[in-house]
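Here is the structure we will look at.
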Amino acid sequence: MPIVVTNIDRGAKQYAREFAGFGVATTHEAQGRLGLLDRRLRPIYRPVAIAGPAVTCEVAPGDNWMIHVAVEQCQPGDVLIVTPTSSCADGYFGDLLATSLKARGVQGLVIDAGVRDIATLTEMQFPVWSSAVCAQGTVKETIGNVNTSIVCAGQRIDPGDLIVADDDGVVAVRRDTAATVLENARARVANEEEKRKRFEDGELGLDIYDMRDRLAAKGLRYVDSGSDD
Amino acid sequence: MPIVVTNIDRGAKQYAREFAGFGVATTHEAQGRLGLLDRRLRPIYRPVAIAGPAVTCEVAPGDNWMIHVAVEQCQPGDVLIVTPTSSCADGYFGDLLATSLKARGVQGLVIDAGVRDIATLTEMQFPVWSSAVCAQGTVKETIGNVNTSIVCAGQRIDPGDLIVADDDGVVAVRRDTAATVLENARARVANEEEKRKRFEDGELGLDIYDMRDRLAAKGLRYVDSGSDD
Amino acid sequence: MPIVVTNIDRGAKQYAREFAGFGVATTHEAQGRLGLLDRRLRPIYRPVAIAGPAVTCEVAPGDNWMIHVAVEQCQPGDVLIVTPTSSCADGYFGDLLATSLKARGVQGLVIDAGVRDIATLTEMQFPVWSSAVCAQGTVKETIGNVNTSIVCAGQRIDPGDLIVADDDGVVAVRRDTAATVLENARARVANEEEKRKRFEDGELGLDIYDMRDRLAAKGLRYVDSGSDD
Amino acid sequence: MPIVVTNIDRGAKQYAREFAGFGVATTHEAQGRLGLLDRRLRPIYRPVAIAGPAVTCEVAPGDNWMIHVAVEQCQPGDVLIVTPTSSCADGYFGDLLATSLKARGVQGLVIDAGVRDIATLTEMQFPVWSSAVCAQGTVKETIGNVNTSIVCAGQRIDPGDLIVADDDGVVAVRRDTAATVLENARARVANEEEKRKRFEDGELGLDIYDMRDRLAAKGLRYVDSGSDD
Amino acid sequence: MPIVVTNIDRGAKQYAREFAGFGVATTHEAQGRLGLLDRRLRPIYRPVAIAGPAVTCEVAPGDNWMIHVAVEQCQPGDVLIVTPTSSCADGYFGDLLATSLKARGVQGLVIDAGVRDIATLTEMQFPVWSSAVCAQGTVKETIGNVNTSIVCAGQRIDPGDLIVADDDGVVAVRRDTAATVLENARARVANEEEKRKRFEDGELGLDIYDMRDRLAAKGLRYVDSGSDD
Amino acid sequence: MPIVVTNIDRGAKQYAREFAGFGVATTHEAQGRLGLLDRRLRPIYRPVAIAGPAVTCEVAPGDNWMIHVAVEQCQPGDVLIVTPTSSCADGYFGDLLATSLKARGVQGLVIDAGVRDIATLTEMQFPVWSSAVCAQGTVKETIGNVNTSIVCAGQRIDPGDLIVADDDGVVAVRRDTAATVLENARARVANEEEKRKRFEDGELGLDIYDMRDRLAAKGLRYVDSGSDD
């Protein structure tokens, strides 16, 4: 039988703000290219960037009942992440649920299904990443799990894992590795800053990364367009 | 042989402005979740919201000739709705046709095919919902019906039916039920306003909708994350 | 073995600015509806319009090494066009490569694959047309050709061909026909200007293009909705 | 409220067997290229060809309850045609329902959704055209209409319309035009027989259809590959 | 760093043969509609039905190196299940790897990517479920995990979980619940056998499942087509 | 203006039979992983394998006129390859055209669009690779090129290039490299035969290809499932 797990571990929340600043691509690289949710999840408006602990929610196809249950489990700073138990594009979420989540201080919604009222959601600046926009409503008949381990858009998410989402998509950082991944991200960003300046000055990646010898070793040849080669 | 039906019944036009204010999701709910066009129809810019009586138009794949015929049948406040007789993503519609429709006071275009010149259409603020953006032009060889009953993006549309379109998509309201649907929509919106205030105040859907007993009856259990359950 | 061709012919560059003004739909029509890349290529922000000589680049799936090689071959005004040797949606391109291209005066990127860092790219106003947005990074293991003849999104592109890209998509103009196509485009635009004014004045396409007789000859009939026909 | 219409008109049933022999492509042509359902409907095994009067059925997403209601309305020779009220790929239909339909003499099922147990259905030789194969089951909570006018895979179908289905897909013939369409189909087939013999003898379509002059008039030129043209 | 886990628990193997007989739809129902992999996984030939303990394998996009590593971990009766770390349709697997797996007694392959040599695989009767058929080969550059917990086609799979696959698709049964699920499956099948006989005798689901009262209570009405209702 | 090029060079025809025996995957590898057409091209029946010189044909969307023109250019052993100038799934080709091609000794059709009459085509054993099956017919209004250089399903094809097609898809071999590619293919097949025997005898790819040291160097570790690692 479905359960709702209360009082999940939000220990990784302390790192959320910094991850939001780094964004999805950097975070994904910093944890060894793991945890990226399928690119079918797109933000309903841009630009946008958030990060926070996951409250997970499973819903039946065409049935959004458990989202109401999940709302109660959300705390300020959380990100609600919803996955249907079988593929569905119906509009599970609209402006009333967004109002409720916003009142609780939730940062945003990630859902591998459809949403509606996106004009109002945009006006409210309540960020949503979804795999569809669809006005088709849902029923309230079937119960499911809240705050159990789920798979959403191809990635396993445990409650309390950090969800980082921006214009590029959504990545999950496992709760127990968040501190290490953050260290990597910081180092990566520092390194990129230095690189960016060199690129701005017109230096080439070929030289910055010392690629020329390795390219030649692989056999790459340069040929003038006017030659008979 | 194809026909053009003139002088269609625009009796439902009187309700259009109010439906535009309510939007697609509310309208769709208010008529019992009927009439929603497939979500592949997306607006070329946002936000946008219109409603008006349908002028219907059938076109051959890759052939936009009948749109010119349909323009003449349009009156101020109408929405032109175009369906190809076999699936096609070519760019049937661009800025010249939009200029013509705008000059006649048409509110917008819904087309289950491609459009082009979307930068200009956006600048003109002429709203279009389409299933594709594509610069590929069309020919003018084949005639078809205007203002007959059509199927567009999975829904039957009769001329004079109300078309309501916004950021969420497109819904059709049958001409003869428009007054009733509008009543339902008004009631729904009034009810939602009251709910919205309660959500803003932090009340939960679980309580507003009295869901707790029914959830328990279905067997939903709450488990503390620290428990051994 | 892969080659990099240097000193490609940029003779068509002189026409680029004017093509950018005309845009993709007009250019495509002006060269007889040839050269349109598949509509899966979409700009990451709008509105946007560019044109310039193509620097072509082939990349292996999930491997962006050759983009670094291609950057060195780019000159001010160029458009970099990248095609994977097998279908791939990974994020080949981000803000560092964009910084490098911008430093060299490159106008934009067209890539039949994924890109990332689109918030930064938008902020930088570095235009990109891609078939996906995806934070998944790539490796640097495999070499490929730069400035050879390629197929990108269904069209053959030779280095130095003009790439015209805007909100409607991307079209390629063959280097040796660019002057002629430009003539056609100018004539087309002049003609459209005159037409636009007539449309604005409420004249119908049926009359502007003298369609009524031809429609009748095809058998189109007009029927009043109140008739028994 | 949903209704079940009983005792529908099956007057067109008399033409079914002959339509099944002619097949979908011929039937579609014979009625002026109208009535073809979207090509996403594919048979679960091949070869197969049926025709019969439609019993129509609307189902909620993920809910197959009304199929049980529709079975009772089916008579020998009928084709059951099912459409979900919003897009869904779940497996609505399996071997038990097929056993029930077969026991009633139903010829086959057309469904714009998923089916399962396709190994058994194939073994039973109970033909099904569906838009998906999926083992995900459905619930029985929501009622809907049986034998009302529906839209399925882009076509309007009234109860009693003839459904013709084979390896190429599915086409609907409106009840009241079935006799005329059959006449056209017979003429078409007779004409094709004669053509087929000429093609078998090596005669070209260019000559059989007298195309050469018209092609030349359009400007088609023949050029020897060895020429300098 | 990636690891290969050896000597995984194959305790559920004893149930495999019986699950293969029951098939995917029954197994999926018997475990409460959990564990179904996305329907994009299709068998390369039909009919086919297998079940066995999972050996899991992660591969980089366009890189099949780890499949060779996984082969060594396979034992007679196993099912190899492969997931790319980012979406890829390349042909990771062909007749040589199939020969190797067959020599080790492996029952089949499930892969959320492409395969090739399907004519030979069919001839060998080595069953494969894949999300694509594609002749494009892969490289051998990147290492990854074998026999760790993975997500494949939307489902979490642990090594030793039972994989059941047939014409309907693929479902995973968690190792530690396999005995219970099998009990449910047996009961379900026994129940279905009895139902099938009643359906064969022409009894209706409406009566077998006692649905008539509940339908009436929901408001379903029967209307004769000739009535004025 | 469109042209038909006659008397194309069929010098590579001598290699066709041997390529057909080797198949698509081997041929693709043998020419350095070049020339593979998009995997959306699928055979209408299996197993099947052909090879022959290309006769190329461009068609307008929804218009199959030029196929009739192309038939006359076909000779025994040729493969007809057809590409629409903008994406289209209509049924361009059916049993009459197949009869005509078969009468001329043509080996098969490759078309990046739809076909129909596939039951008859299968019965005739006339092989077709297409991107769709669709009963929707086409018109005969627009002329196009025959035997010019085209792009089909993402690959450039010149007339006389060898088309190799089987259950895995379609690959093109450029006319002037066919002899070299065939040499590579022979060597590859001989090498694979030897490997296949070793795989059949239970030898592992890890050993046959000497992979163990390289895997260890990359950092791959083996861990027993029972360990605490």
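A, B, C, D, E and F label the chains in the order they appear, each numbered from 1.
Quick note on the criterion: a residue touches a chain if its C-beta (ideal position, glycine included) is under 8 Å from a C-beta of that chain, and two chains touch if they have at least 3 such contacts.
Bear in mind the structure is a predicted one, so any value in this text is a computation, not a measurement.
Taking the definition of touch as given, a chain qualifies here only if it contacts chain A and chain E alike; those chains are C, D.
Fewest steps needed to get from chain D to chain F, stepping only to touching chains, is 1. Superposition of chain A on chain B using C-alpha atoms only gives a rotation of 120 degrees, nearest 5. Here chain C and chain F face each other with the same set of residues for the most part; over half of the interface numbers are shared between them. Mean C-alpha position of chain E lies 30 Å from that of chain F. Once the centre of each chain is set as its mean CA position, chain B and chain F turn out to be 43 Å apart. For chain F, the set of residues that touch two or more other chains comprises 33, 36, 39, 86-87, 89, 134, 136. In summary, the structure contains touching chain pairs A-B, A-C, A-D, A-E, B-C, B-D, B-F, C-E, C-F, D-E, D-F, E-F.
Against chain B, the residues of chain A that register as touching in their complex are 1-9, 65, 68-69, 71-72, 89, 91, 94-97, 99-100, 103-104, 114, 116-119, 122-123, 132-137, 140, 143, 147, 159. Within the complex formed with chain F, the chain B residues making contact are 60-62, 86-90, 134, 136, 139, 141-142. The residues of chain C lying in touch with chain F in their complex are 33-34, 36, 38-39, 85-87, 149, 151, 154-156.
Residues of chain A touching chain C in their complex: 23-25, 28-29, 33, 36, 39, 42, 46-47, 49, 166-169, 171, 192, 195-196, 199-202, 204-206, 209, 211, 215, 218-226, 229.
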